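There are structures below to look over.
Each of the next two complexes has chain A plus one more chain, namely chain B in the first and chain C in the second.
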Partner chain A sequence: MNYRHAYPYHFIVGALFLYLLFFIVPSLMGIYYSFTDWNRYSDQVRFVGLENYRAIFAAKSVYYQYIGNTLKFTLISNLVKIIPALFLALLFTDNLRGEHVHRTILFFPATLSFIVIGLVFRSILHPEMGFLNQTLRNLGLGFAAKGWLIHPRWAWFSIYAVDAWRGLGYVMTIFIAGLQSIPRTYYEAASIDGAGFFHKLFSITIPMLKPAITVNLVFGITYSLRVFDIIFVLTNGGPGRVTEVMNTAVFREFALGTYGVGVALSTVLFVVMGVVSVLVIRLMNRGEVEQ
Partner chain B sequence: MNRTRRQVYRIIQYLVACLISLVVVIPFVVIVNNSLKTREEANRMNLALPSKLQWENYRVAIERGKLGISFFNSTLYSAFATAIATLVGAMTAFVLARRKTRFSQMCYFFLVLGITLPINLIALIRVMQVLHLVNTRLGIILVYGGMNVSFAVFILYGFVGTIPRELDEAAIIDGASPWHLFFRIILPLLRPALTTVAVLTFMGIWNDFMVPLYILNRASLWPMTLAVYNFFGLYQQEWHLVFADIVLTCLPIFVIYLFSQRYIVSGMIAGAVKQ
Partner chain C sequence: MKRLSVILVVCAVFVLTASVVVGAKDMVITEMISQGWTTQADEDLARVFTEETGIKVDRQIVPAAQYHDLLKAKLNAGEAPDIFWSQTNPFAIKTELDPEKNCVDFTDEPWVGVMNPQRLPAVSYNGRVYGLMLWINSPEFTFFYNKTLFNELGLTPPTTYEEFKKVCTVILNAGIIPIFEFTSQGWHQVLPFAQIGGRYEELHPGLYEQLNNNQIKFAEIPTMLLVLQQLKETADLGFYGPNFLANDRPQTVEALATRKVAMTLENPGLEKQIRQAYPDCKDEFGIFLIPYADNQTYPFNPNGPARFAYKMGKNIDAVKKYFEFLTRKENLQYKLDHTPEWTNIDVTVDIKQGWLPMEEELISKIPPEKFKLVLQSGVKYFNEQWMEVGKDIEAMYIGALTPEQILQNIDERREKMAKAQGDPAWR
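Right, the complex of A and B next:
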């Protein structure tokens, strides 16, 4: 059959046009502007070479802390979601009465906006008037009431908790889909051989869950490297700059009007994500071939 | 002995399950409950029921938060951008999945990269200035369209592959044009996948905060997320109003979730790389 006639390339023009104009072009222009002193206060844009990057990667620059925070968030937020979510998935596929209701409840927060969840928890974690601290005080546990979002010791802890509150059900749902594809007979055979819970977990469940683990890691890593909303609303990078990450730092530069530095930071993130994305697509494409 | 141990284990399982669901539910109870209290009651922020239901709070929140216009904006942006992204995404997925040439493969990978790549929002403003789309509704709709085609192509590409090619051949032999083939034969068969893509894209745009934060600086153009964020800043001491505003912002998503949970869950699993 004549492909050129049945599947014309002008069908892809619309998608390609929008994608190029509003996604790729800004990223490429961002790379160009990252070599300039583009800012809000002057109409002229001067070429400054690597100056913005030198500022970012200078010894003792504050940006190292933001990069470090982003990586720390990527590591910890995924660990505290993926491991508990695996056990929850096992729990909710164990013929528990009402497990579908629990699954529906746990998944729901993943459909809500980060901004709304952030505001909900900013009120609940408010140091004086928040629900958590007021409840703790009413229970006579006043000593446990902390400045959850305003104290440097607790800010990250609270961010991880809120992030897990939103994401746990989603990660769990992907694990459940994976668990349902493992044949029951494997477990029956293992039981006959006298294998215990952990033995089955490490020799059957986890190896068979590899695709679900990959999907959760891919999703988790690409989300957490780009994290913005939840941190912006909960702490806005504070107290001080303790919880500042790449994307909140970009917004700070934007708000200050120092666009050149802002797009340079964005470009650093773009390059990192570009490498990650190509690896991810290769990985997923290999999965497709294996099927 | 073995049986009692199993029963104890079962009880622990139920306790853990209920506890974890409770942790998810309590924040919602706090918000809804306190949104119906008077200012004084709400400031105590506890689980006691309101002495008298204050539906008035919702009217005040809608008025002061200008929620009417932001609800309109959110609906407009989400609906049009979803329609655009889903339609051009489906056309693209159709052609790319059918032609397995090197070029079409390259186009597919290039488009799908957009799922994980970050968008450079500061530079996007420059693009919008050049196109005279700054602070316009059309501008943000097109931006959302461009940001979401990747996901649509990714999901629909897989589904096009499940439609037998013989259908195309029969249609072409009968003299159907590509447009006819696509709109009359392929598109109806893609309906479940299109629903999944549309629901997820709609929710993603409805929930988005970052794009309007950068590119819309006129309050009359704000979607609900930006409006509720701003409202929170202005009325931080009046929790009853803030909570009423939050409930109203979540409500549309809650309704969508109730009616299309199946599509949402299947789509999120299939397109797990997109939040």
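Right, the complex of A and C next:
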């Protein structure tokens, strides 16, 4: 069959035009504006070269902390979602009684808005009146009651936990779809050969799940690098500025009217996101290419 | 064919009828408000306005910690609601709102005369009036304290920082948290620093002018550093209690009425709220001036939150009707009578005001020369960064920033804003 005739190139012209207009052009404009002093107070936009980037990467810049926080969030939030989600997916594809109910319950938080999650968890995690600390105290575990969202030591921990609670079901659902596409015959053959759970996991499940892992990693990394909502509603970057990330900083720059610095920060984030995503995809596909 | 024509005619009639009905009865004006600036009385008035005109008011109340940034982001994106509230300041109105670009000019509206003329500069720009400010004229954000508790503990209102510390220590030793502070909304923690601007000016005559002309920096003013150090010490000594970072303003009434705390920075109307919510509370309350840096100046502030209308909004006539409605005498009286935290409204209309004895008592004791303009109303590029300063002060409380760094940050942000506007003093 001649595929070139089946799908001629002009079929993509419309979609390509819209993509260029609404994604590529604004992105390029954003990169251009990051080299200007674009701000709310003046109608004139002057080219300032690397000044905005110099401000971001200056020796005493607070943005280093925000970049570090963003990378830390990316690493930890993905670890605490992907690993448990994989095991939950394995559990819920193993003919567990009521597995559909369990899957629905776990997926449900992903359907809630961040505002609702923020209001609910701010209440649950309140140090005095919150459900969590009250329960701990009632169980005689008062020593474990902490200032979950107000103490610098616990604020990040609470964000990871709430983020995992919200995102776990989504990641798990992608894994379940991947697991269901693995032929059962592989496992049956492995069982006959005497393979145990971990042997099957590392020799069949994980290699066959690579596409699902890649999807979860790319989605997870791009979400984490762009994280804003969950932090905004839970801590608003606090206490102080302990939980500030790149996008909360972008938001504050826009609020201050210094758009140039804001888009420069976004551009830095865009570059990091692009590099990391390409690396992850290449890393995950390397085995397949070699095969 | 005939059948098709009938269907098309019916559809056309339906669409036209629907659009006429929607246009006449379902006009909605959107109003965005920060949580602490509005009360049930505003909700009631909006409902009466809807009954009278058929125009609905969709009131969007936003948590205070997010309001400032959200409003500015919406204005910058060209997506502001029909009505938005903003903390006013004649110095900041250009940078905060850019009124000529974003706000409806109300100069010729008859209700402009309802506002106290002293408040007009705060809602005006280049001689045009853009906002409607219906706000109180009380001793704003002084220390509100439990007078009965103070008497029981043999305490009198402090006038110096050392006296203040002694008072707090006695209260703490009695098992009561001395001060109710909340940082969760992002703004309250800045008040003790900014409301005593008169004290800075008193110790450094001409300071406001020097700051506005960029002849001196915040970081060069020892009294400001001292006040931040004293604030930090207040937190470190436990005078705010262990979990003050999680406190929120709505808890204030209960905390004061049940003696969980002894004092807080609030408006005198808090007493009315306590009487209403806790009728069994027999304690008496009073107010005293913020004693950081031994301040005894009265915080005079002609500015306050005000309503503005979005110039690019599609319902400007409806907004004008709404503002006219709000400024009618009977509606102003309703607002005052049903807002427990207010004792008066600063308007020229002859309504029945309800000043509290504690307000009159405090004001009567203060000599005229001690009435001083607060920092945020006297100094450029400070009010605009109020929430950022709030974040910095919170960071200082947890040990992540030093008082010196806070002042440097204020200077850096002032420079950024001034340069962006081409302020000649910063060239």
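We take it that the second predicted complex is superposed on the first by the 229 of 291 C-alpha atoms of A that agree within 3 Å, B and C clash if a C-alpha of one lies under 4 Å from a C-alpha of the other, contacts with A are read in each partner's own complex, and residues count from 1 in each chain.
Keep in mind that, in the parts below, a contact is a pair of C-beta atoms (placed from the backbone, for glycine too) under 8 Å apart; a residue touches a chain by one contact, two chains touch by 3 or more.
Keep in mind that this is a model prediction, so the values were computed, not measured.
Q: Could you tell me if A:Phe131 is touching chain B, chain C, both of them or neither one (first, second, both, neither)?
A: A:Phe131 sits against chain B, while chain C stays out of touch.
Q: With the two complexes superposed on chain A, say which partner A:Ala89 touches: chain B (first), chain C (second), both, or neither.
A: Once the two structures are laid over each other on A, A:Ala89 reaches no partner at all.
Q: For A:Pro239, select first, second, both or neither according to whether it touches chain B, chain C, the two together, or no partner.
A: In the superposition, A:Pro239 touches chain C alone.
Q: A:Trp165 in the overlay: touching chain B, chain C, both, or neither? Say first, second, both or neither.
A: After superposition on chain A, A:Trp165 lies in contact with chain B alone.
Q: Just checking: does A:Ile231 make contact with chain B only, chain C only, both, or neither of them? Give me first, second, both or neither.
A: Neither partner.
Q: Have a look at where A:Tyr41 lands relative to chain B and chain C in the superposition and call it first, second, both or neither.
A: second
Q: Please name the chain, chain B or chain C, that touches the greater number of residues in chain A.
A: B
Q: After superposition on the shared chain, which partner residues are touched by A:Phe121: those of chain B (first), chain C (second), both, or neither?
A: The first partner, chain B, only.
Q: Counting only touches as set out at the top, which of chain B and chain C does A:Phe254 meet: first, second, both, neither?
A: A:Phe254 sits against chain B and chain C alike.
Q: Let me test your reading of the model: by the given contact rule, A:Leu149 touches which partner, first (chain B), second (chain C), both or neither?
A: second
Q: Counting contacts the way the document defines them, which residues of chain A are shared by the two interfaces, the one with chain B and the one with chain C?
A: Residues 232, 251, 254, 259 of chain A touch both chain B and chain C.
Q: Which part of chain A faces chain B closely enough to touch in the complex?
A: Going through chain A, the ones touching chain B are 1, 3, 5-9, 11-12, 14-16, 18-27, 29-30, 33, 88, 91-92, 94, 96-99, 101-102, 104-116, 119-124, 129-131, 134-135, 138, 165, 169-170, 173-174, 177, 215-216, 218-219, 222-223, 226, 228-229, 232-233, 247, 250-251, 253-254, 259, 262-263, 266-267, 269-270, 273-274, 276-278, 280-281, 284.
Q: If you look only at chain C, which of its residues touch chain A in the complex?
A: 65-66, 68-70, 72-73, 76, 94-95, 98, 183, 186, 242-243, 245-246, 384-385, 388, 391-392, 394-398, 400-401, 413, 416-417, 420-422
Q: Give every residue of chain A touching chain C within the complex, in rising order.
A: Touching chain C: residues 37, 39-42, 126-128, 147, 149-152, 232, 236-242, 251-252, 254-259 of chain A.
Q: Taking the complex as given, what residues does chain B use to touch chain A?
A: Touch residues, chain B against chain A: 13-14, 16-17, 20-21, 23-25, 27, 30-31, 43-46, 84-85, 87-89, 91-92, 94-96, 98-99, 107, 109, 111-124, 126-127, 142-143, 145-147, 149-150, 152-153, 168-169, 172, 178, 181-182, 203, 206-210, 213-214, 225, 228-229, 232, 239, 242-243, 246, 249-250, 253-254, 256-257, 261, 264-265, 268-269, 272-275.
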